[in-house]
Amino acid sequence: MNHIGRIFQVNIFGESHGGGVGVVLDGVKPGIMLSEIDFSNDLGRRKSGGLGTTPRIEEDEVIIDSGVFNGYTTGAPICLRFLNKNTRSKDYSNLVKHPRPSHSDWVAKEKYDAFNDYRGGGHFSGRLTLGVVSAGVVAKKILGNVKFETKLINLGGETDPKKFHDLLKKVTEEKDSVGGIVSIKINNVPVGLGEPYFDSLESTISHLLFSIGGVKGVEFGRGFDGVAMKGSEFNDCIVNANGKTITNNNGGINGGISNGNEIFLRVFVKPTPSIGVEQETYDFEKGEVSTLVVEGRHDAAIILRAMVVLESCCAIALADAKLINEALKNN
Amino acid sequence: MNHIGRIFQVNIFGESHGGGVGVVLDGVKPGIMLSEIDFSNDLGRRKSGGLGTTPRIEEDEVIIDSGVFNGYTTGAPICLRFLNKNTRSKDYSNLVKHPRPSHSDWVAKEKYDAFNDYRGGGHFSGRLTLGVVSAGVVAKKILGNVKFETKLINLGGETDPKKFHDLLKKVTEEKDSVGGIVSIKINNVPVGLGEPYFDSLESTISHLLFSIGGVKGVEFGRGFDGVAMKGSEFNDCIVNANGKTITNNNGGINGGISNGNEIFLRVFVKPTPSIGVEQETYDFEKGEVSTLVVEGRHDAAIILRAMVVLESCCAIALADAKLINEALKNN
Amino acid sequence: MNHIGRIFQVNIFGESHGGGVGVVLDGVKPGIMLSEIDFSNDLGRRKSGGLGTTPRIEEDEVIIDSGVFNGYTTGAPICLRFLNKNTRSKDYSNLVKHPRPSHSDWVAKEKYDAFNDYRGGGHFSGRLTLGVVSAGVVAKKILGNVKFETKLINLGGETDPKKFHDLLKKVTEEKDSVGGIVSIKINNVPVGLGEPYFDSLESTISHLLFSIGGVKGVEFGRGFDGVAMKGSEFNDCIVNANGKTITNNNGGINGGISNGNEIFLRVFVKPTPSIGVEQETYDFEKGEVSTLVVEGRHDAAIILRAMVVLESCCAIALADAKLINEALKNN
Amino acid sequence: MNHIGRIFQVNIFGESHGGGVGVVLDGVKPGIMLSEIDFSNDLGRRKSGGLGTTPRIEEDEVIIDSGVFNGYTTGAPICLRFLNKNTRSKDYSNLVKHPRPSHSDWVAKEKYDAFNDYRGGGHFSGRLTLGVVSAGVVAKKILGNVKFETKLINLGGETDPKKFHDLLKKVTEEKDSVGGIVSIKINNVPVGLGEPYFDSLESTISHLLFSIGGVKGVEFGRGFDGVAMKGSEFNDCIVNANGKTITNNNGGINGGISNGNEIFLRVFVKPTPSIGVEQETYDFEKGEVSTLVVEGRHDAAIILRAMVVLESCCAIALADAKLINEALKNN
């Protein structure tokens, strides 16, 4: 369902070609300074227009519809909206008969039947992540001093950032797409966030991350590559009274709970399925496999725009964990 | 918190050295045949005693405390319990002062203060997974014809199963531990399970998986290794009217929704932190780093026993998704 | 928090003097015919303008922002909004220093501190019920053939409807207000809706009703007046194979579950606290009790407009109960 | 469903004739002193044996199965259980064919079909309230200094307590039953508990109260009798800087939020439907109305035992409201 969170609650809505997209946030304390300008940095990081992203530029300005008064949160729900512009619809009905492979087109049609809003991906559109990023902005305010550092560490198999530009150019020319791996480092997280069974920090963070289209892998700390290590190598021994460890194979989380070290995770985003390359896939009208070419402008590397979305997911999970911890800590 | 699920709800409780551990299940339809014998296969797969697991054998028999009458579920909550035996306590207080590295010992003490039940890991004990496996047994009944195939595909860096025995023997002798990677294949899942934002199947499955101690990575379909593939290679083209694809890089899930193909995922479980090898870690009483040797019998490869737990997590998530889908499908 | 429901979920937002008010609905099946015109009847019943209500007429037109395509629900969340017009603010700051007795003014200031949006009641404004009524409209569509009959059976102590007009005229002239008692009859509810502990139908219906400002009593069936009856008199004996009873002292609900007879309840709404009559109440600025006269146009009998809101609450609770029942029934 | 609460969570299970009944509590802070003796007072108030209650005495001793260590809560879930004894079953199957009027017998059979555990009311048994009372005991510890005063103010129409004894004697002899009205006064509740839309204090308190079998009416403050008052009479004017009011027609709650005055409510409990008097009701086996006499020992006035249960419901709702408030207050 389109709702997540126990105290800091996020409720998302909208479609690519409806009136707009947005999010309702609940469980936000009163007294947090908040205005439109606070959103511009993170929304800017999500923007298209650069190499590897669609040239279709969306001017996304947040509308703060409720929950803020005189520049501060009031404690009431915050509704944040974005208008849909530039959606003079081309005809999308072809994608119903001849769905894009690996996209939500077909499963959405099966699940919602003839009633699915298929225009531009409908409710499955990447445009919905405007709400996630906006929620993340408020989450970061709740978190205060927590710092995020989000990097693209692998683009289409390439790990040398100096070569990303050439790769993007090539893939764009081929009308193909690439995925990548993003690393997220989170610092200044206090010890003790996260709940055992079933709300470990890894659980709540991954829950949000995997709800973002294209995310197909999440690993914390050393991750899958740690499989060859023995316990004696993998263990992060504590070296001082603050719980500081030298190694950080556990990514700052033990038993589902933050241990005060850097939280570290990596996220794999698959290559976006919407490509201009010819593909052979089933045509449900013709009743046979036939060639599909998806027209229009695509994101060759949606991961460039997704980075801030993934970071926002982490912030949302941590903000809720922080509020739960405040309710339950021994004092 | 210790509760998960929207319709099929799982509520876990217990500690290693209290009265016992267990689970309360809600949202179970009436009329499902259920008795103690149904649990024996999956509980047996979780048992210790074999090479690579602790020789401390636990005879875990499920007690069906409520929700079953004349051999069938009644529709009321099902309480399943396991008694703690064999827990004549050794003195665990040393682990409070000198916590095991990478274990929950220290974060639990910080979070719950002097009140944490530290005996045998307390509420963080692997013993709690008896409840998860039991919930999984009921979930599988809800799912009916869905089939699970769970395999250990990497043990401590070794991918050849013929060599697992020797590796386990060696690691056990060294009093060290190894982790591994488990693959889970799920077949006969109908098209349409999972909900967009925020309850994609990947989200709900990973949420449960990451709540299990030691899980540090989850990937679906091709996973992280797919990073070098282009969109034109990664896309799973549909070849017939049932949505069948030849490749399955997406692991049977598009847009968070099952597409009717095999659901495929891999889970990384880190080497268990409780080892007999000497480690240098902080002693909070002495106020300095000093040598810790964890006495007692350990699981050299807890992953051998965790496999059925991970499979159960998948079953729980799918059962809830199935019930939600039944409430909401167009009919 | 501003969210309710397990499958049919309602999330409310907005303030009297912000951008607008609205509601996000989740858990709505695809394929339900829905357009703006469907809301006009119930919204009309909530309108002001008649005797006993404020002469400040609000033209409230629903904006369907998402979740509907080609005239049918899509299965995605439905955002329904209402713009705030006519809110050129007078100065409300006096109500912060000198709060209206029995209103939310003072508790909101205590709870949210200086950050409370006090203009026109802010998030506590009756204007928020536009969202409740809109949610009710969709709930009724989910319920299909269920029929509601909502009546004012007591207005300010008067039970003869022929005398309501004169009473309203008198109270309006006095700048005072009256409350009343509303009866709600619900027919065609199938047997079996409602869940034992803790989601009895009485629980979920009353939860929603008591969230509406001014509701101070809810009783089902015979209600408080049944206190003098013995069990042998109160029991509703079944007279046919469909569970039909002659008497209906239980109001159509046994053990928290609908029994197929008419669901019958009564709701007490207190006289609206905002009145033009002089009152002696504490002035927090002056630090003493002093005379307060609330200027402006008031609803002498807000209950006239609240009736459809209360009916909507019942519909919302029943719609969720129906969907849960569909997920869990034995079939 | 059998789960309630956002932070302080209560999950109930069990049946009258299964292994036992109990409750799992989550969201309990570490460091609260708790042992079996803490339960004896409130459990004692629920006991049978006195005039007007069944002579079948149940020795109900709580088993603390988890979440407590060295006499203090640990922060982990608390499982509290009660064994079922003395349940050598008589044959209850007659009640399936010839259900008791106004009882859950028939709706449970319709809802859960042949699988319903009908013995002694099954999951609908009043025995389940042992869990509610136990949860209330812990809730009161969370609430600290909050004081409850619960009184029977009307028994079967009689309001003079001096006459209750004679009434009970008479009704018991007649094998009939009586209901009553309970008043609950709650003091020392801080200002600011409760959340607007949809978790007003009235909402969360009534939700719990109406989940208790037999509760058919709830009113706050002046309640239904206030219908004849005008706004100028009903309003509780504030008289000092602490928000103190002289009158308390609103029962200590404005806008769903506690205002620091005494919380005052009344609850109507219908006469228990299980009586020894002959009744004419439908026999589903015979296919016609016929005479039913329910054999066995009954509670002539279950309300005597229900009083502490109702009080516990209030405590549970307030404890959760307190924890939510701690997470969200401006500080």
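For clarity, chains are labelled A, B, C and D in written order, and residue numbers in each chain start from 1.
Methods note: contacts are C-beta pairs under 8 Å (C-beta built on N, C-alpha and C of every residue); 3 or more make two chains touch, one makes a residue touch a chain.
Everything numeric in this text was worked out from a predicted model, so none of it was measured.
**Student:** Mind listing the chains that sit against chain A and also against chain D?
**Tutor:** B, C
**Student:** Over half shared or under half: which fits the residue numbers at the contact of copies chain B and chain C, same or different?
**Tutor:** Comparing the two copies, chain B and chain C contact each other through largely the same residue numbers, since over half are shared.
**Student:** Quick one: which chain's Cα centre is the longest way from chain B's?
**Tutor:** Computed centres place C farthest from chain B.
**Student:** How many Å are there between the centre of chain A and the centre of chain B, using C-alpha atoms for each centre?
**Tutor:** 25
**Student:** Counting in whole Å, what is the centre-to-centre distance of chain B and chain C, each centre being its mean C-alpha position?
**Tutor:** For chain B versus chain C, the centre distance works out to 44 Å.
**Student:** When the C-alpha atoms of chain A and chain C are each averaged to a single point, how far apart are the two points in Å?
**Tutor:** Centre-to-centre distance between chain A and chain C: 37 Å.
**Student:** Multi-chain contacts only, two chains or more: what residues does chain A have there?
**Tutor:** As it turns out, chain A has residues touching two or more other chains at 1-3, 6-7, 12, 27, 30-31, 75-76, 111-113, 115, 123, 196, 324, 329-330.
**Student:** Sort out for me which residues of chain A touch chain C in the complex.
**Tutor:** Touch residues, chain A against chain C: 1-3, 7, 9, 11-15, 18-22, 24, 26-27, 30-31, 63-70, 72-79, 81, 111-117, 119, 122-123.
**Student:** Across the complex, what residues on chain A touch chain D?
**Tutor:** 6-7, 27, 29-31, 75-76, 196, 323-324, 326-330
**Student:** Contact residues on chain B for chain A in the complex?
**Tutor:** Checking each residue of chain B against chain A gives 1-4, 6, 10, 12, 99, 101-104, 106-108, 110-113, 115, 123-124, 128, 154, 156-157, 171, 174, 176-181, 191-192, 195-200, 202-204, 206-208, 210-211, 213, 215-224, 226-232, 234-241, 243, 245, 249-251, 254-259, 266, 268, 270-275, 277, 279-282, 284, 287, 289, 324-325, 329-330.
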